[in-house]
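Quick one: the structure is below, questions incoming.
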């Protein structure tokens, strides 16, 4: 176990607890009163962002916490969505029944595919999960009785309780999705902070040492993969609640890629960040994209560039970039010690566990 | 003999396809190997080359050569731009680079479609290569046959460059240990930039030559990118020879494979990739499955025996 | 440790950015149609694979609106354009924006059948009619869905008998493996077999190629050639059509006559195929050379504006304008979504560049289908009408 | 025939140290080859070296002696530019290279034989030699820093591929083998050859006999003695003073990133005792 790292985690979480809890409370209250603040379309987008954000949470658990970058989290998402569609068409329209069913289906699917995926690491894991995702989408095209084929499947509105009123109003749908997303994200965050989460961090940071210490690493990873599958399954169920439609193209490669990028933008280890990244992507694509119809990909691309260059260090990052630019041009900035570019681009063919900024320690090789 | 006759054309076509994909993927694997840059904008460079071919090419040899020069130059330029863009995030890991290069791909794709238009384009081919030739009683497009030759030449040249030349040695040394390359007085960043420039030129040139086979359209970049990625990963990251085998395999899966197993056709590419990765990763997953299956079978037999 | 700090900061920064975006969005008030202006949402693909088709659709619809000085029945028309995108989920989001933010009275366009399937429940909830000018899937509820285009299985059905009568022997059938493609191919195969036609493919079933992603048709064409087919019938659209046609002429099948759903050689596709498309027979409800006053007017206006001939996609969207114009003109009183939908129900024959047509019971046109052949028309290759095939629709 | 005799016979490079020093004189004849002032350096914010002062005259051979974790490698890496110092200065023949990237430091005239050899696994021996020779002779200076480095270059004895193969005949035999396929001793020779082909004025050696069989270590030892005798300026890191017997003429004892200097009296016995004294001083200091 990487004791130093966990000590730091413990310390920093104690240090920031009060401020962070306050910030979290503000955000939650803001999300709850959002229907009073924005127009209907924005509210629909916010719903969409929450569902996409929950998918990203699943991706983040694997990428940031287990060190398995994944491009296949749409697969359990699709399983959850199609299961929900099937239930709805068989008159099981209550969300409180659909959610556990979708979670179970997503988890089962992940448990089976996970056996294969969790052995790989880095780019190989990325491609294996991509294969799982694409094969699932292909199966969705082929298996028409269950999925409706490439034209997709539409469902009538869901209800929260059996026999309750149909979820029809945009506000009601938003609040339902918000509550479910908050509960799932909250449970996820709690689990990740528990001793189990710390074990996972140990696997991510030093797998060999964990193995040597006798930890069943594969079992931890499979469990995590299954858990992430359940989260994604729930996200799929919520997709059916607000869109009432799913097709193979909605569970394809590009959704996977966007979910992974949402996590990278938001910060790979942050649950709240996953939602924020997802929100940024949805609003960029569907809100900014509407300013110039047809050029949403351009806006998304620019968002990604901005995120890469400016978000990690904020304004400090800009200064640092200027400095490294000056170094490259051979100019010495007085009073600043330039960094060695030698360690740059040390390609070892693997995605670092963090995926995001490589810690300073990594420079010491 | 009949069987052979029926599958000759798909098999040959698999080679042509594989060679095209190899030329594209070689650039990607080079960039990944030397610089650790998983360049998701690589397919966009191919698409740019293909659009240039459609724009400049008019069916004459001279214009084909001009298109090739322009395509390669444009590709090389974009490789240089990429090197500059990636430099600030070079220390930050592959996911940040993926985010960056994906962003560049999106912006570049939008610019390509805005400039060249969304319509499918006609790619003019010199008259001599336009039709088909008869091979063992079958028709086969002349251009593809010629392409196999050119690509083989390119592959040979690339192999020589990377494996035999000193510049190639510098690139591979940078893959192995960039710090030690720097200690030799070579700037890894210069090696790295040069590699990206060459990789870009290769992709741009492949776009020009490949345009009659994989025609430019708004989805070309994505398709080519995905295939190249599969090839690079299956062929072991950074290995040129591995990429060649993987490319031919992907080509054959898409041609011979869909004929031999039509029912599985939609699953073939990713299924084959998954299996290849499992076998290759050496994680012992498949042997373990086999062992477990044997244990289960033995137990089942024992149970049956006990019941009887 | 610095990693955690950085991740946190990154998370915080993106949360702030997201919040700022929502705040900005909140400032934009809901805007609705005011009394004399009718807002119409034009939802067509402006990015991705079908961008080319989307632009044709946009041009067709906008041409009609312009020709009528932005006025339908005395009401000012405001067209709000949105991008259908590639995935139906994106189309749904865009349609939701048109309905909930722009409060359009009707939605026009939509190229993909899957997108229609995705957006119709939402449109039905909000009682907004769809005047579709593209694909049309099987739908449970078509109360507010009207198509000026075609039903996917009609194209093949219209030509099947002709092919059976003309071709002396078995016919190879091949198409893309998605719902629209399967419907197209099924329409042909069912009618063809019913008329006594023989399918050449092994197993007697059409060949479906994986979709999307198939760009290499040579293996399939080689197989069809070996099956002893005397003709081939196919349906492809967009860049797959270009690949198919070019490879067809270089394959073992190159001397076998090719019959196709007209999408194979329509619009920009035909230009990209060039000489390889010469002589292909196709079936469609339209050809730019049709000789009627409405078409002459349409073709010359379109040509003057865009320096190219209109195609099916432009024509169907032009007709969507025509349908809405007539419907809004017929409304006596306030122009609402409901009123437009009811008015469309009462429309009779619609004069169109394709010849007169009217809505059938399944809210799609009862229309003529034509046999066309790709032949030189002056400098360029064009789909030249050979004969009328059948009137279909119900 | 002893190793030295063997080498002296084969390699016609040995020159009197004074002659070498004169020949090496570039722009700043008075400046020592290596001059380190209050150097602090480390990884990730944590310092490993705490204010090292060290001077190495032209033609001198200085041993840095110390246990594992004392900071020997960090010191050598700091000189080579592989670690960025957080304070102090490093000058090579009068040129300030503090914080310069490794390829710039190399161009000033430094070469390193790193700990663990770090040969390129996928390159053949022949490619190693070709690449290093090319890097040593044909350098294109793209940036102002590189041009300045080239101007400040300290000339060392010029090595060719033929020279190193003559010095290390084993490499000639194994010329088509890949770096990853060589034995430890062969890798060490290759790493040495790679460094020599840069024709350096200052050679940095990091535990050159670590992990080698005694016979091989002895052979390497002999090689180094030859090189030292030829007047190359060498900074050599070693865990035990005995390992640099007859090679180094000065030694620095490094403990917990602090240094104590012992001036070598020339004889091996005196050298060792001087080192012991130095260690005592250093321990008291710590």
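In order of appearance the chains are A, B, C and D, and numbering begins at 1 in each one.
As a convention for this text, contacts are C-beta pairs under 8 Å (C-beta built on N, C-alpha and C of every residue); 3 or more make two chains touch, one makes a residue touch a chain.
Just so we're clear, the structure is a prediction, and the values are computed from it rather than from any experiment.
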item: Chain located farthest away, centre of chain A as origin (C-alpha); value: D
item: Most centrally placed chain, judged by C-alpha centres; value: B
item: Separation of chain A from chain C, taking each centre as the mean of its C-alpha atoms, in whole Å; value: 35
item: Distance from chain D to chain A - Cα centre to Cα centre, in angstrom; value: 50
item: Chain centre separation in whole Å, for chain B relative to chain A (CA means); value: 29
item: Rounded Å distance between chain B and chain D, as computed from the means of their C-alpha atoms; value: 43
item: Chain C residues counted as touching two or more neighbouring chains; value: 47, 51, 54, 177, 210
item: Multi-chain contact sites of chain B, meaning residues that touch two or more partners; value: 110, 175, 179, 182, 187-188, 266
item: Multi-chain contact sites of chain D, meaning residues that touch two or more partners; value: 81-82, 101-103, 146
item: Chain B residues touching chain D - in the complex, by the definition given at the top; value: 166, 169-170, 172-173, 175-177, 179-188, 190
item: Contacting residues of chain B [partner chain A, same complex]; value: 32-38, 87-96, 98-100, 102-111, 114, 174-175, 178-179, 182, 187-189, 192, 226, 229-230, 233-234, 237-238, 266-267, 270-271, 273-274, 277-278, 281, 283, 285
item: Complex contact set, residues of chain A against chain B; value: 63, 69, 115-116, 119-120, 122-124, 127-128, 130-132, 134-135, 138-139, 141-142, 253, 257, 260-261, 264-265, 268, 295, 297-298, 300-305, 307-309, 312, 321, 324-325, 328, 341-352, 354-358, 362-363, 365
item: Complex contact set, residues of chain B against chain C; value: 6, 9-10, 13, 17, 110, 113, 117-122, 124, 131-132, 138-143, 212, 214-215, 217-220, 223, 254-256, 258-259, 262, 265-266, 268-269
item: Of chain C, residues touching chain A in the complex; value: 1-11, 13-15, 17-19, 21-22, 25-26, 28-30, 46-47, 51, 54, 81-83, 85-90, 92-94, 96-97, 100-101, 113-114, 117-118, 120-122, 125, 137-138, 140, 177-180, 182, 210-211
